[in-house]
Amino acid sequence: MTNLIEIKGVRHAYKTQDGPLPVLDGLDVSVPEGGFVAVVGPSGCGKSTLTRLIAGLMKPDEGEVRLHGDLVKGPKSTVGMAFQNPVLLEWRTILKNVMLPLEIVPNRLSAREKEDRARELLALVGLEGFEEKRPSELSGGMRQRASLCRAIVHKPEVLILDEPFGALDAFTREDLWQTMLKVKEREPFTGVLITHDLRESIFLADQVVVLSGRPARTQYVMDVHLGAERTLDDLYTPETAEALNTLRHQIQIAQGRAPEVAA
Amino acid sequence: MTNLIEIKGVRHAYKTQDGPLPVLDGLDVSVPEGGFVAVVGPSGCGKSTLTRLIAGLMKPDEGEVRLHGDLVKGPKSTVGMAFQNPVLLEWRTILKNVMLPLEIVPNRLSAREKEDRARELLALVGLEGFEEKRPSELSGGMRQRASLCRAIVHKPEVLILDEPFGALDAFTREDLWQTMLKVKEREPFTGVLITHDLRESIFLADQVVVLSGRPARTQYVMDVHLGAERTLDDLYTPETAEALNTLRHQIQIAQGRAPEVAA
Amino acid sequence: MTLRAVLVPLAALVIFGLLWELLVWANGWPNYKMASPSDLWPAFWKFRWLFLEYGWDTLWRTVVGLLVAVIFGVGLGMIMGFSRLMRDALYPLLVGFNAIPKATVVPIIALLFVGQHDMNTILIAFLISFFPIAVSVSIGLSTLEPEYRDILRSLGASNLTIFWKIALPKTLPEFFGALKVAVTLAFIGTNLMEIVEPHGRGLGHLFDSGKISADYPLMFAVLIALALMGILLYYVVVALEKIFAGWAERSPT
Amino acid sequence: MTLRAVLVPLAALVIFGLLWELLVWANGWPNYKMASPSDLWPAFWKFRWLFLEYGWDTLWRTVVGLLVAVIFGVGLGMIMGFSRLMRDALYPLLVGFNAIPKATVVPIIALLFVGQHDMNTILIAFLISFFPIAVSVSIGLSTLEPEYRDILRSLGASNLTIFWKIALPKTLPEFFGALKVAVTLAFIGTNLMEIVEPHGRGLGHLFDSGKISADYPLMFAVLIALALMGILLYYVVVALEKIFAGWAERSPT
Amino acid sequence: ATLAGGASAETSVPFALDWKFEGPSAPYFAAIDNGHFAAADLDVEISPGRGSLDAIPKVATGAFPIGFADINSLIKFLDQNPGAPVTAVMMIYDKPPFAVVGRKSLGVSAPKDLEGRVLGAPPPDGAWAQFPAFASANGLDMSKITVEPVGFPTREPMLAEGNVAAVTGFSFSSFLNLVRLGVPEDDISTILMADYGLELYGNAIIVNTDFAAANPEVVTGFLAAVAAGWKDAIADPAKAIESLVERNPAADAALETRRLQLAIDANVATDAVMANGLGGVDAARMEKALAQLAETYEFQNAPDASLYFTDAYLPDASARMLK
């Protein structure tokens, strides 16, 4: 099995004024082509740091991050990323914000096609009618949705989502889960999803990785055995309930609230 | 019964380039002294707008917003607010960020006492050891916690929290729920909490207000009958399950997914 | 809104003129100490054709010098904004160069390029006005929030693309602020050349003529004409700013 | 890091000096066209005491003028930043005023305050340098993100508090950029007064003496001394910036 | 306007020069250092200037009671600003220093040589302003002279480089600047316009008329001291220059001595002055001068010699003799 994303023994510390702050300490994650891995862990453990490493925005102090077997040396245009903080460019309309990657990543779309694609995505996340608005005229959840569109507009091979649904209410969120699955089917990508919603991780991912508290290492990996066709009802089966419980327990361990026992 | 916060028939529309965008359309909310009201509703319906009206940062087009029976004419120092986007001042350390309100709101604390208070709150939300860091050195969830501290550091009479736990994992979040209840007991405040987590709304509030989709009006009000002493177990009682179901249904109505029937 | 945008500055100008008139009148100052606005009309009228012709000379050279300054300043600012090394190396040199009074540079330029009056004038206008632009661009780049930069970097964009798509638009308000300063400096540059190295053209020359014949109202009239042209160019910059950086203006409520 | 901060600018200065020497040498220019660095040492040496004495005159007047400009510029910038009306009304006047060559204002000032040489010099240094500061403060205020402003407004803070706690710190990088421009302008102002209205003090006077006796190396030496003093003052500004706005510098990775 | 200075009963009289502290201003410093002003109970402080058009308003506004400026500039100033309280009281430069300075190697040694050649002239230059009168007096055909406007700072360098064949300027300044630029002295031809038909007078001591009317004896005392200063300077130029260098340590003593000597020889100690004493004007010559001025300058009002110069304050001729 070829792993598109391969993270091995990654260690990283931030340099701060009071010396280095170790954040990642022995991280192993691998995502096969077309796979979707969810990463969960306590706040501040190093999840966003992980996304920056995969995206090539940073280099790890130790260990390897590989895409397609090649060491990641810097950012690549085949990667799409939704940042935790959905920074939109204030001087552009929402539509133009979403179209930004299409202006940068080489592609053969005509101006018309670019716009159509962006409009289509915005409609998909419920932002129809807000295409010409400025980011400052959007609510927090709407901005997050626009940022999601921007991450996927150029059909990236690898999609990194850092808590993309954090500011959304339960129903909008569930809608978007299903939208994401549909998008993945139509335009396959390999995904990494950071989230703190365990149901979300189970619903969307093939595998859930639990990180320990800072400095984070891979503490627990769970394969999710839902098929490609998932419905919300799948979240209410006994298997899911058990899986959720296991994850909850693991996170408690990660936070040092429960003794670490072999799962 | 005296209502500390009294919102009556509030209408508001944002002026945009393509004409006014009605956001609030007949909103009624009242919070008695010492009460804690949770407001839920679909993304983009106008919840953050509501907080800005209560804080006096904006004036409604129509209707009244009163604190202690007086029309709100502008911001007051007795109000504490945690914004949806936890903007911290980048040029200040976390500690100094949290101390900001104490520098502005008149009080009799000595410099030492101010710092002690801020440090205490930071420890309470799990940010011990990060007092001297800059905001850019914090993770998303940590920033949100710091912003929460800033909102309550000056012991405001009225506390407005706009999705204060959105970026936190389940356990950190539940910890903070309990922290908030403890704080409220020690330093009573009257609270308005915007959230999209229904369990959070039930756990923290005395009353949950469901807003309809944009333009928002008060669609449904539910009183919560948990005592002052709440534990997480209260969330797994049949009553709570029923209340959650009712709220879910109301939000579905709000989003136009279910027909509106008398609740 | 548009009416207000015209009326307010106009009112300010009129008030200023009245205060000036009053000041001169109250102090009973003679023309050679300070001329008053009412003295200027005859001078304007008498030399109206020269004002037009010389004003145009001054204007076009200033604008060309300014354009060169914008291009050069943006380029230099980019180099300094992206590279800490270049910033450390170039800033002191630039500050040193700019601390030298340009009036003393004028003769050197004039001697280096004898007879190239247009070019020399444009050169001085350029030399005197590029610094604020370079500073503002370099600061805009070096203080660009990493979040913004990361959005483009994660797409594999080059530094140049980051500059065009993020840094420049984000820094436009400061850039236009610098441009407003540069406009005034460029005018000074043009006039410096016209006065110090006279060659019979431009408002600087007219000022000189006024000086030779001790015609103080004419001298003041030239200064006012310069001020008005500066204001004119300022409004051109404001118009450009409205188009390109209108988003940045925050309404207080 | 600190070593690098010293070596890089020094290296840049040396490289610049060598290039200059080479340029003059290659073109075989006479002294009166452009003196070369090696010609300057004798001039420096011969007049070393005068350089120290006059350099101090120039320096302290420049610094005082600059301080006044900072105070006035910040005040003016606040007025324009907070009030749209004042911005609309004052900007054109300021641009107009700044487009007037200060060299022509010098005699008017000198005539208004006869004999007050120190004050006149400081006045011109101030008049010529306050504009960039006012512009940067006004832009910093008028483009302040509402999120930042709201944090303080929600606490019932006054405009002044908002300025001190948010607007000023947030705008500090641009403010210091403007200050770097203002430093160079203030030097020009001081020297303008010293050259145009001679009163026997300051480096401007030394330049003038060089001019009278057609001592071109001396003239160039004065210009270089001015540049060096500008650089000196620049590093003072940089030191202040490190202290107050160090947070704003973004490392590219 | 009479300020009694503390313990001493000296009258304080600020004196505004037209130009910087150069050789030709040394006689005034000599007058101070040799006690001539003190002898008249005057406390004189000398301020440099930026040209006649700087000194005249300084005196007209009353900021300075006494100054030194070109009388031709004064005439124009009074024409433009009728009634301004300023007038000349003592002629110093009997022959104005207005000159055409050329290079023999470039073919210029007499006025006629200018035809067919390039003449560099700064438009605000005082000498250039008189050039048309000079040209008509010498029958020059202006259409044959190419006039190149130059700046003051580049005037002599352009001549040194050969970009122009001659320049207009003040005899002593342009000559010395050229020498400094390495032009051989025998290659320089100084054509003093006054030697070629120009009747104009040169720089004079000017006073604020209000001040003079109120303090006639102060003015007269001042003028006598000035004459004494010049007499000393002519007798020992090097010593006068010492007084100057004391005021301006950056000055080049040798150069300034030279400049002073040139001014004395060409402008001050003319035959007429040596015969009649320093400071007076000849009414007939003044009329001719006004006529020549009118060739180049359009009078707003009818010229009236009595407005521009008065001998009312001149001390006795005996006090004005330079020998």
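Order as written gives the chain letters A, B, C, D and E; numbering starts at 1 within each chain.
The working rule: a contact is a pair of C-beta atoms (placed from the backbone, for glycine too) under 8 Å apart; a residue touches a chain by one contact, two chains touch by 3 or more.
The chain list, named the UniProt way, goes like this: A, B = ABC transporter ATPase; C, D = ABC transporter permease.
Values in this document were obtained by computation on a predicted structure and should not be read as measured data.
Between chain A and chain B, two chains of identical sequence, the interface residue sets overlap for the most part, with shared numbers making up over half of the total.
This structure's chain pair with the greatest number of C-beta contacts is C-D. Centre-to-centre separation between chain A and chain E, using Cα means, comes to 86 Å. The distance from the centre of chain A to the centre of chain B, with each centre set as the mean of the Cα atoms, comes to 27 Å.
Chain C and chain E have Cα centroids lying 39 Å from one another. Annotation for chain A: residues touching 2 or more other chains are 85. Counting only residues that touch two or more partner chains, chain C has 33, 111, 145-146, 248. Among the residues of chain E, those touching two or more other chains are numbered 57, 61, 153, 157. Those residues of chain C lying in contact with chain E across their complex are 30-33, 106-107, 110-111, 114-115, 196-200, 205, 208-209, 211-216. The touching residues of chain C, counted against chain A in their complex, run 145, 147-148, 150-157, 161, 165-166, 169-170, 172, 245, 247-248.
Within the complex formed with chain B, the chain A residues making contact are 14, 16-18, 21, 40-44, 47-48, 84-85, 126, 132-133, 137-142, 145, 162-163, 166-173, 196-198, 248, 251-252, 255, 257.
Taken together, the chain E residues at the contact with chain C in this complex read 53, 56-57, 60-61, 73, 76-77, 80-81, 84, 122-124, 129, 149-154, 157-158, 161, 163, 297.
Chain D makes touch with chain C in their complex at residues 4-5, 8-9, 11-13, 16, 32-34, 82, 85, 88-93, 95-104, 108, 111-112, 131-132, 135-136, 138-139, 142-146, 149, 173-174, 177-178, 180-181, 183-185, 187-188, 191-192, 195, 204, 207, 219, 223, 226-231, 233-235, 248-250, 252.
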